[in-house]
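Read through the structures below before going on.
Each of the next two complexes has chain A plus one other chain: chain B in the first, chain C in the second.
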Partner chain A sequence: MNKLILLFAFVLTFGIAGAQSRFLTKDAKINFNSSTPLEDIIAESNQATTFIDIEKNEIAFSVLTTSFKFRRALMEEHFNENYMESAKFPKAKFTGKIVTPIDWKSEKMVVAEIKGQLTMHGATKDMTIKAQITPGKNKIIATSELKVTPEDFKIAIPSAVRDKIAKEVTIKIEAAYAPYQQ
Partner chain B sequence: MINTMTKKLLTSALILGMLVLYSIPAKSQDLDSLLEKEAIPQTTYATATFKSTRIVNGHSVERMKKKQLEFRVSHRFGQVNDGSYNLWGLDQGTIHLALEYGLTDWLEVGIGRSTYEKTFDGFGKVSLLRQSNGAKNMPIQLSYLLSTELISFKSNPEKYKDVYSRMSFVNQILIARKFNESFSAQLTPTFIHRNLVPTELDKNDLFAMGAGARYKLSKRIAFNVEYYYVYRANSSSLPVKYYNPLSVGIDIETGGHVFQIMLTNSQAMREGGFIGKTTGSWSDAGIRLGFNISRVFSFNK
Partner chain C sequence: MAKLKTFRIILWIFLIGLVVGLSAVYYVFNKPRRNVSKETAAFTLDAKQLISDFKIDEAAATKKYLDQAIMVKGEIKSVRTLDNHSMVFSLEDEMEGVSCTVDSADVVSNSSKLSQLVKGSAGTFKGRCSGMLMDIQVINCVPE
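Let's look at the complex of A and B:
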């Protein structure tokens, strides 16, 4: 009887500990480019926090807008003060569901479709983005490129500088996840 | 007997361990709340306490960041009470040109030249404390300014033939706080040493307390006011009547430029001049219209 309980306990314990369903990274890279022939506008943050849940096929991203670094200090200041209003809306967020089925044991790169919501500057928009996901036992790599329109997120651009900022901003994401230890 | 005991203990321990594992709430948390939990505690530093490195005439706590160069053109017209013949001061002008550069994010250096007494100046501004909240909390920003001015105007060559006699030194502690997105204020204790002063009654050492504030009228337009109380024990006996500088201005920001338009009773645009030698008075319209134009260039690759 005791042995049976012991076995049962072992199985359960290992069963839980072994089912690593969540992967995390706190230094995912996000850069964006809204350059025009008149002005180079490039910024990068390597402080995005992101989770992948391979059981539920969910993904979540969060980044502080003040963590984006620009080459020109004044541009960075204007980005936070005038456009993103970082004091009022400190974070940009994405949460979504991976709709393309992925064999998480395969270690083969998959182009996956993710349906979710992007929230920044206090506005939320439904988006479907494409991401390249490479599963692995102890590492998952995901990269993505998406385009957003500032006006969709209520980011006002004065007409005087409208020609200097791209109509569509290209955002590139690189994340290397490791198993999440609580 | 002992064997059974051990087994029982082992079993209980395992069941306990199992229960602990089960009770970890993370299993039932969604990713959103996990993100909140895992976010690294961040420190948010107050930025853009003022729109420019000057409130109006005097320095603000703002600096050029690393490898950023600012070219400043400052201009003051003549006194409004000059009347219609001088088109209320618009016929005259005093100019100051300056190049100011951020060696690091916390150290700015600058050089300048003014038509006012043909003055050269050079300064360094160091940021000692940054206002922040989050992981690190700091209620104020604190900077120190050291500026040297050299008058090259040949008024009395004999008395001023020695270069040292034409130098003065400005020390300022800049204490500022950004109270909210719109309102910032600054206190500026000032000590100025002048190597040689015009008369025996003028003091070589001058103490002053500056106060300045800005209020943002919109995202790109701000209203500024700046006042320096200058301590002069013997002001009534001085041959020239000096006034405390009071200035009000509007900042207009357009991308890489900041325009500052102001009304001030000072002619000079550097501390030794406007704190030490302001002769205009607001009470009899001894004020001037003026502007500063700032253009920033980046040398960051």
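Let's look at the complex of A and C:
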């Protein structure tokens, strides 16, 4: 009987310690495209940090706005100084809950719905985004594409250049998570 | 005859003005990217100091260091190469330390220096501070 309790305790301790619930990457890729026929506007950052908690089914994603790289230095300057006001609001982040059930033990790609809040430029908006999530024991891959409207985040675009910037900005995300030990 | 001469002069002034104006617009539009490696660092400090500044008051530290050219020194805890061939050196702590990113073009031009910067050695990088997520990020870095 004692042995059984011991065995049970052993399984419990190591079972829990062995199960990794948080996955992390600090090198997630994020790019956005707000091109119009008048102007190509594409920017990319490889320095987004993101977590997935597979027990709570939660996801968090954040990126520093000054880490975006544009084709032209001038665009980068306008983006940081006039539109995102990076000195005042250096981060953009999304936190949400994965509402589609996912079997984290399988290795099958799932198109999941994530309900959460996107915060940038000091404004927060409720959003439901779709992501392709491929679970794995030592790696989780997630990709997503979402559209945002600058005006929803109080980003004022002068009317003189309004036609050069897309009404809806397409954001693409690619992340490969690894187990995170604290 | 005199009228024609004045007209010619005005035309020339106008043409020169146009060329100067257009080249100014062209220059501003295509202005070169900021090259932090050629700037003098606004702050030279230990990675540990930078980490403690951000831990004590993130907002104040962000205000102080954001977009500044900084030179930071610390023990290298991890070295990673990303898909786009840029390299990330984490100083003092792999997760919550200072991450210095060297762009792929600078990886090529500094390859001999970078090859000596292995895990456990001391590294000094100059770059542009872009703020803190989990770690403090310094981008467009070059090794010193």
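Keep in mind that, in the parts below, the second predicted complex is superposed on the first by the 168 of 182 C-alpha atoms of A that agree within 3 Å, B and C clash if a C-alpha of one lies under 4 Å from a C-alpha of the other, contacts with A are read in each partner's own complex, and residues count from 1 in each chain.
Definition applied: a contact is a pair of C-beta atoms (placed from the backbone, for glycine too) under 8 Å apart; a residue touches a chain by one contact, two chains touch by 3 or more.
Predicted, not measured: the structure shown is a model, and the values here were computed from it.
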Joint occupancy of chain A by chain B and chain C, clash or fit: clash
Partner chain in contact with A:K26 - chain B first, chain C second, else both or neither: both
First, second, both or neither for A:L74, with chain B first and chain C second: both
Chain B versus chain C as contact partner of A:S62, first or second or both or neither: both
Partner chain in contact with A:A87 - chain B first, chain C second, else both or neither: both
Which superposed partner A:N46 touches (first chain B, second chain C, both, neither): second
Partner contacting more residues of chain A (chain B vs chain C): B
Chain B versus chain C as contact partner of A:I129, first or second or both or neither: neither
Chain C clash site on chain B (candidates 63-71, 117-125, 225-233 or 261-269): 63-71
Residues on chain A lying within both footprints (that of chain B and that of chain C): 26, 47, 49, 62, 64, 66-67, 72-74, 80, 87, 90
Residues on chain C engaged by chain A in the complex (per definition of touch): 28-34, 62-63, 66-67, 80, 82-84, 86, 88, 99, 101, 128, 130-131, 133-135, 137, 139
Interface residues, chain A side, partner chain B - complex: 2, 5-6, 9-10, 12-13, 16-17, 22, 24, 26, 47, 49-51, 53, 58-62, 64, 66-67, 71-74, 77-78, 80-82, 87-88, 90, 93, 95, 158, 160-161, 164, 180, 182
Footprint of chain A on chain B - complex, ascending: 4, 7-8, 10-11, 14-15, 17-18, 21-22, 24, 26, 30-32, 34-36, 38-40, 42, 44-45, 47-48, 64-66, 68, 102, 181, 219-220, 253-256, 296, 298, 300-301
Sites on chain A touched by chain C in the complex: 26-27, 29, 46-49, 62-64, 66-67, 72-74, 76, 80, 86-87, 90-91
